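I have a structure here, written as C-alpha cells, and I will follow up with some questions on it.
Chain nomenclature is as follows: A, B, C, D and E, assigned in order of appearance, with residue numbering initiated at 1 for each chain independently.
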Amino acid sequence: MLYLELFLQGLLQGSIYALVAVGLTLVYGLLRILHVAHAGLYTLGGYFGVLVYNSSGSLMLSGIVATFGVGILGVIIYRLCYEAILDQPPFVPLIASIGLFIAMEELYRILFGSYGVSYTNPPLQQMLPLGGLYLREGEWVTILVSIILIGGLAWLSSRTRLGLAWRATVTDPQMAESFGIDPIRVRYFNFFIGSALAGTAGMIVGILNNLVEPTMGSVPSYKALAIIVLGGLGSVRGTLVAALALGVVESYGTIYLGNVLNRDAIAFVFLILVLMVRPQGMFRGV
Amino acid sequence: MLKIEKLSCGYGSLTVVHELDLTVREGSIHALIGANGAGKSTTLMTIAGHVQVKSGSIQISSERLDQVPTKERVRLGVAIVPEGRRLFADLSVRDNLEVGGYSQPKENISRNLERVLTLFPRLGDRLKQESSLLSGGEQQMLAIGRALMAEPRLLLLDELSLGLMPRMVEDCYIALQQLQREGMTILLVEQNTQQALSVADDVTVLESGTVAWRGTAERARQDTSIIEAYIGLRREPKTD
Amino acid sequence: MSLLDIRNISVRFGGVHALEEVSLNLIQGEILGLIGPNGAGKTTMLRVITGVVRSNKGEIDLEGELLNNLPIHARVRKGLGFAQQLVRPFREMTLVENVALAAGAKQTLHPWRSMFRVERREALRESLKWLAMVGIEDAADSFPNAVPLGYLKRMEVARVLALRPRMLLLDEPLAGLNQVEASAFADILVELNRQGQTILLIEHNLAEVRRICSRLVVLDNGRKLAEGIPETVLNQPSVLEAYIGQGTVHAEN
Amino acid sequence: MKLKIIISSILALFMFFGIAWADTVKVGFNVPLTGFAAADGESALNGAKLAVNQANANGGINGKQIELVIYDDQASPKEAVPIANRLIEKDGVKVAVSGSYSGSTRAAAGVFQAAGIPYISAYAIHPGITRAGKYVFRTSFMGEVQGRAGALLIGQTMQLKRVVVITLKNDFGKSLAAGFKAEAANFGIEIINEYEYSIPDRQFGPIVAKVRADKPDAIYASGYFFTAGPLVNQLRSGGVTVPIIGQEGYDSEQFIKIAGAASEGVIITTSLDRDSNSPETRSFITEYEKLTRNKVDMVAASGHTALNVVIAALRIAGTSNPKAIRNAIAQTQLTAATGHISFNALGEVRKNVQVQIVRNGGWHYHSEIRDQTLLAPPES
Amino acid sequence: MGYEISLLTFMGISIIGSLSLNLITGFCGQVSLGHVAFVGIGAYTASILTKADTPFFVALLAGMLLAGTFGVMVGLASLRVRHDFLAITTMGVNFVFLGVVREQEWLGGELGISSIPDPGFGKLGFLALVLGCVILVALLSFQIRRSWMGYVFEAVSGDEDTARMLGLDASHYKLIAFALGTALAGLSGGLYAHHVRFIFPDSFAFVESITLLAMVVIGGNGSILGVILASALLSVLPQWFQFIGDYKLLLYGSLLFVVMRFSPGGLAGLAQNLFLKSKKYFALKENQ
C-alpha cells in the first residue's frame, strides 16, 4: 500500500511538473527558446488564483482568471520580449528570459508582499480517502485537472484545425505557411496555451500549499528545463513521460535517498546520465 | 495563367535568378530544366513566397502574386510540392492531407480527399500511418496529394523523380497527366529531363539564373541535343 | 601512381544503400571528375573520405596508410584538403583571416603550444598570395557577409589551398556561379593542376567537367556506373540514360 | 590610466553615499530586504525599528538619538562583507546587529571581529557565528539548544516516546536535529524514522504517506513558516493526527494562515511568549502591531531583543568605545520581549525556552523550559 | 579604506570568475550555465587544505587543479552534447555539485566551512594579490586571444565542423578552453573563500552562475575589456543600488533582460555598433 501511495504521490507531483513543462516544451518546439520566465507565469497563476478567490470567493472565477489571464500575458511576453530576438544565438533569449524571471519575482514581492499570500478560506483541503488512498480534495482535483488539461491539449492538437495548424508549423513552418497557415498566429496560440497551462499549475500549487510566494517559481523554473531535455527537447509526449517519471523517482527518492542526494539534484543526475548516453534526449518528435 | 517578368530573386545579398521572364499557359505543363544551381528551385520557391523578390513581378491571372503574403497565396490557387517533399513527418497521412486543405472550407475537404484517394489509391490504406513511415514513392504521392487538397489552379512541382524508383516516378507522371486533363496548370522542375519532356508542353532551360533556351517540348523532344547541350552532355549547344 | 585509393566502400543510412561497393583511385597530378545525377552518392563519397560519415565497409588508403579510423582533422593534416559544397566561412573573420587560419597550420598543430605563438603576419602574407591566386585579393579585408557568393567560393578554395594539401577535394565548386564565373573558376583549377595539384572534383556543370577533367568516374544510385576519359564516358549510353532519364519516353503516347 | 579613473570615480561615488550624520548614536543593521529571505528581513527590521523608536522616545542614549543604519545584504555572504566594512568605516558605527540569515551573518562576523566592533546576531543560528571571536554575540538560541529543548518537551513534558523526525536540510534544521538526537535517548525517545526535505519543497505527499505508515506518537519537524505551514497542513489532511512539535521557525502568524485549521494544537519551542505578563513583552506586542499592522513573530521579537541588548549596553557603557560596549554586552542582564537574557563566555545567550501552542487560531502559552543545564549553550 | 578594499577585492574576484567563463563561453563558444560549480570546487578544496595547515598558495593551486580536472570532465561532455543541450547539462552540473556538497559532512554539509584561515597578507595585501591575479588572468586572456589558440577558439566558436575541415583539432581545443577556464574559476573560488573566510553551499548556487554568465554577455561575449567592465559594474551594483532599496533586484533582472533584448552583443556590441555607425558616417562624408 505504501509503495502504491508513494507512486500516486509521485504521479501527483509529476502531473504538476507536466503542466509546467509541457508549456515550456511547446515554446521550445516551435521557437527554440529556453523560456525560463515561464516559471514566472506559473507564479503569477498562483497569485491570480489566490487574489481573485480571496476577493470573490469563486473558485471557478479565479481558475478562469489564472488560466486565461496568464495565457494572455504569455502572449504579450512573447510579443514584447522574444519576437525581436528569435534569430539571435540561443543564449541571448535564454539570458533575457532569466533576467525577466528575476525581475518578475521581485515585482511580485514588491506588489504582493514578501510573506506570500494565503487563501483566507482555503478551498479543497478536506481529506477524501478513496480506496485506502489518502488524498486531499485538492490533490484529486490536481490529478483530474491535469488529465483534463493534457487530454484537452491532446484533443486540441489532434482533432482541431488549430491543433493541426500548430503541429504542421512545428515540423515545417515554411510549408505550413504555404498551405495558408499563419505562423504568427500559431506562435501566439502556442504561447497562450503554454502559459495558460503554467498559470493553472500555479493556481493548483497555490491551493495545495495554501501559500503563494514570490519565489514559488524557482524550483519549477530550472527543473522544468531538465524535464524537457530529458523528454527530448520539443517532444510533448516525451515531456509528459519525463515529468511523471521524475515525480515518481523524486517521491521514492525523498523517502529512500533523502540523505544521499538532494531532491532537486535527482532530476539533474538523471539528465546528465541520459544525455551522455543519448545526446538528443529520450524521445524525438512531437 | 502565370506570368513572370524581369524577376530577380535570391537569399540575403545573394541574387540567384536574374531578370527572368517566364510565361506558363493556362492548362499546360511547363518544364523548367537546367543544371544544378541554375535557379530552378529558387524560382519555384519565389513563386511560392519563400524567397525574397528583389525586382520584377509575378502575376497569376493578372493579379500581382509577389505582393500577396505567403500564407495567402494558396488562396489564389498556388500550391507547391517542394524538393525533398517536406512532408509533416510526425503527422499522419490524413493530417498531412488536411493541412493541405487548410485553406479550403470544411465541406470541400472530404470531396478533395476523395479525389486524392482516387488518384493515389495506395494512400487510402495508409491514412492513419505517420507520413515518415511511407516509402519514398508514397511520400511523393502524399506530397502531391497534399498540394491537391488546396484545389490549386497552378501546381508547382520540384524534383519529382529524385530518389524514386522508376515505377513510382511513372505512376506520379501518369497522375500529372490526369490532372492536366482536368484543367490544372503545372510548373515542373525536373532533373530527369527525358521524363519531364515526355509530359511537358513547353520547356524553359535555365542556366546561371537566366533563360538559356525556351520552346515547345515538341521541339526539344525531336532534337534531344538541345537539352543535352544545356546540361553539358554535348559540347556545342545548337542555337535556336 | 595512385595517391588515394578507395576500395569497396559501402554506406547504408537506415536501410538505404547510399553507396555500394564503390572503388576509385586518385592519381598524382590528375583532375578526377566525380559525377552523376542528383542523389547518386557523390557527396556521400566525399563525406566518407573526409570522415564525416563512417563507411560500413571498405578502405580508404592514402599511399599505403589506412585513414578509416582517423578523425576529420587528422585526415586533413595528412594532406586531404576539402572544400565544402555550401560555403561556410567564419563570419566573424575577414576573408584573409579565414585563409590565414588555414595557412598557419603549423602554428595550430599542437593545441597547447599555440598559446605561445602569436606571429600572424607571415600567415596573412601567404594568405594574400592565395587570395590573389583565386583572384579575390581585392576583398581580403572584407567580411564574408559583404561579398558575393562567387568570392566566398573562391575564398573557400584559397583556404583549402593554404593548407598546402596533397590533394584537393572539391564539392560542387561551380554551383551557384554564372557561366562566366564558372569558367573563370575552372580555369583557376586548371592552373592549379598545372602547378602539380591533384584534384578530385565533384561537379554538376558537365561542360566544365568535360573541359578540365582528365578522367571521370560516374556514380548512379550509389554504384559506380562508368570510369574513363570524359569524351568516352559522357557518350556512354548508360551515362546518358542516368542523366536524361531511364528511356521511359512517353512522348509518343 | 583608465583603470585609475574608474577606481577613483567609483570611490568618489561611495564617499558621496557614505556621508555621515553627526549627533546621533549609530547602530549598524544588515538585513535581507530583497531576494528569497526578504520576508524575515522585513520582520527583523520592523522589530529593530520598534526598539529604536521606543528607546528614542525614552531619551535615546544620554540624550542622543539612536540611528539605525540599514543595508540590504540579500542574505548573501558576498554582500555582507562589504556592508560590514562600510558600516564600520563609512558610517562609523561602534556596534552592529545582524537581522539576517546565517551565511551573511557568519561572513560579516569575521569583519566586525577583526575591527573590534561588537556585533549581535538576532536570529541566525549557525554555530560558527559566535566562534568568530569575543566581539560577536547571539541573542537567539543555537539550533542545538533548541533541539535539546524539543527532546525534553516531547520525552518529558509530553511523555511521548516514538518520534519521527522531519528535518529541513539547511544549517537551521540540521543543527536542530543534531541537538534533538543528542538528547532524545536521555528522555526515553525512540527515533523511529528520519526524513529530510530542502527549503524550496512545499509538497510533502511522500513523507506524509510514509509517516502515516510509521504510526509515531509524535512528529518533531523543523522548518520555517513557509515550509512548516504546508507540511503541517498536509500531514493533518493526510490523516496524521499525532502531535507535531516544531520550533521558532514556525513562529509567525503566517504559519497559522497557511496551515489553517490544521495548525490547531501544533506546539513549538521559541523565544517569545505571547501570553506573557511581563511589561516588556506586552508593550512589544501591542506596539509592534500598532507600528506594522502585522502580528508579531519570532524574528521581529529577536530583532527587537537584539537592539534592546545594544541599547542597554550603550547606556551602560556611556561611551562610544567599542571595547566598553562589548564588555557591557557581555555583562548584560536584561529582561527583553523574549525573556530574561544574559550571555555566556562564548557570547551565546542564556534564557528560558518558551513553548507555545496554537489554540483558537493564535499562538498561546503552553509551558516554559527552565532547565539551564540542558539549555546551556557551548562555552567555546 | 576597508570598505573600498573589500569591494575592490570582490570586484577582482568577480572579474577573475567572469574572465574564466569568458574563455569558455566568449572565446570558444561553449555556453556554460554552471560555472560557479568550479568556483565552488576551488573554494572548497583550498579551504579544506588551508584548514589542514597547507600553505595558502599550495592550497590555491590545488583548488585550481581540481577544478580544472572536473572542468575537463565537463569538457568531455561538451564533445558529446552541443548548444542548448550543453547549456542545460552544465546547469545540471551546478545543481548536482550543490546536491552532493550539501550531503557531505566532511565538506561541512549545510553548515559549510567557517573560520577559514587568514592567509595573512592583511586586507590591502590580499587586495593586491587579487588584483595581481586579475592582471595575470587578463594578460592570459589577451595572450590567448592574440595567439593562434585564440584564433582557433574563434573558429571553433564560429563553426566547429568547418574548423575540423581545416585540420584543427576542435575537441582538443575545446578541452583546453574548459581546462583553463575552470581552473581559473577554481582560482577565483580559492580567493573568495579566503576573503570571506566562510563558505557554504548557497555561496555557489545556480543564481551565481547566472550572474557570471550575465557579466560575460553584458560585457559582450568574448570582449575582454567589456567583460572586465561589466563584472566590475555588476559586482558592485547591489552596493550602489542600496539607495534604491526595494527595487534593487528588480533593476538587476530588468537590466539583464534589457541588454539582451536591445543589444544582444552586450556593451562591447553596443560600442562596436556606435563605432561602425560613426565610421560609416565618416566614410559617407569622405565619399561626398
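By definition in this document, a contact is a pair of C-beta atoms (placed from the backbone, for glycine too) under 8 Å apart; a residue touches a chain by one contact, two chains touch by 3 or more.
Remember, it's a predicted structure, so these values are computed and weren't measured experimentally.
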**OP:** Please state, in steps, how far chain C lies from chain A along the shortest route of touching chains.
**Re:** 2
**OP:** Enter the minimum step count from chain A to chain E; a value of 1 means the two chains touch.
**Re:** 1
Subject >> Chain pair showing more contacts of the two, A-D and A-B >> reply: A-D
**OP:** Compare the CA centroid of chain D with every other chain's and tell me the farthest one.
**Re:** B
Original post:
Where the CA atoms of chain C average out and where those of chain E average out, how many Å apart are those spots?
Top reply: 41
Subject >> Chain centre separation (chain D, chain E; CA means) in Å >> reply: 35
Subject >> Rounded Å distance, chain B centre to chain C centre (Cα mean) >> reply: 31
Original post:
Distance-wise, how many Å sit between the C-alpha centres of chain B and chain E, to the nearest whole number?
Top reply: 54
Original post:
Can you list the residues of chain E that touch 2 or more other chains?
Top reply: 102, 246, 249
Original post:
Among the residues of chain D, which are close enough to touch at least two other chains?
Top reply: 34, 169, 198
**OP:** Please list all residues of chain B that touch 2 or more other chains.
**Re:** none
**OP:** Give the pairs of chains that touch; include all such pairs.
**Re:** A-B, A-D, A-E, B-C, C-E, D-E
Original post:
Of all residues in chain E, which touch chain D in the complex?
Top reply: 1-8, 10, 102, 109-112, 114-115, 192, 195-200, 202-203, 232, 236, 238-240, 242-243, 245-246, 248-249
Subject >> In the complex with chain A, residue positions of chain E that touch it >> reply: 25, 31, 77, 80-85, 87-89, 91-93, 95-96, 98-100, 102-103, 206, 210, 213-214, 217, 221, 246-247, 249-250, 252-261, 264
Original post:
Which residues of chain B touch chain C in their complex?
Top reply: 12-14, 16, 18, 35-37, 159, 162-163, 166, 169-170, 173, 191-195, 197-199, 207-210, 221, 224, 227-228, 231-233, 235
Original post:
How about chain B: which of its residues touch chain A in the complex?
Top reply: 48-50, 70-75, 79-80, 82, 86, 88-91, 95, 98-103, 146, 150
Subject >> Residues of chain A touching chain D in the complex >> reply: 1-2, 5-6, 9-10, 12-13, 16, 106, 109, 114-116, 118, 122, 125-127, 129, 134, 136, 139, 205, 208-211, 213-216, 218-219, 250-252, 254-255, 258-259, 262-264
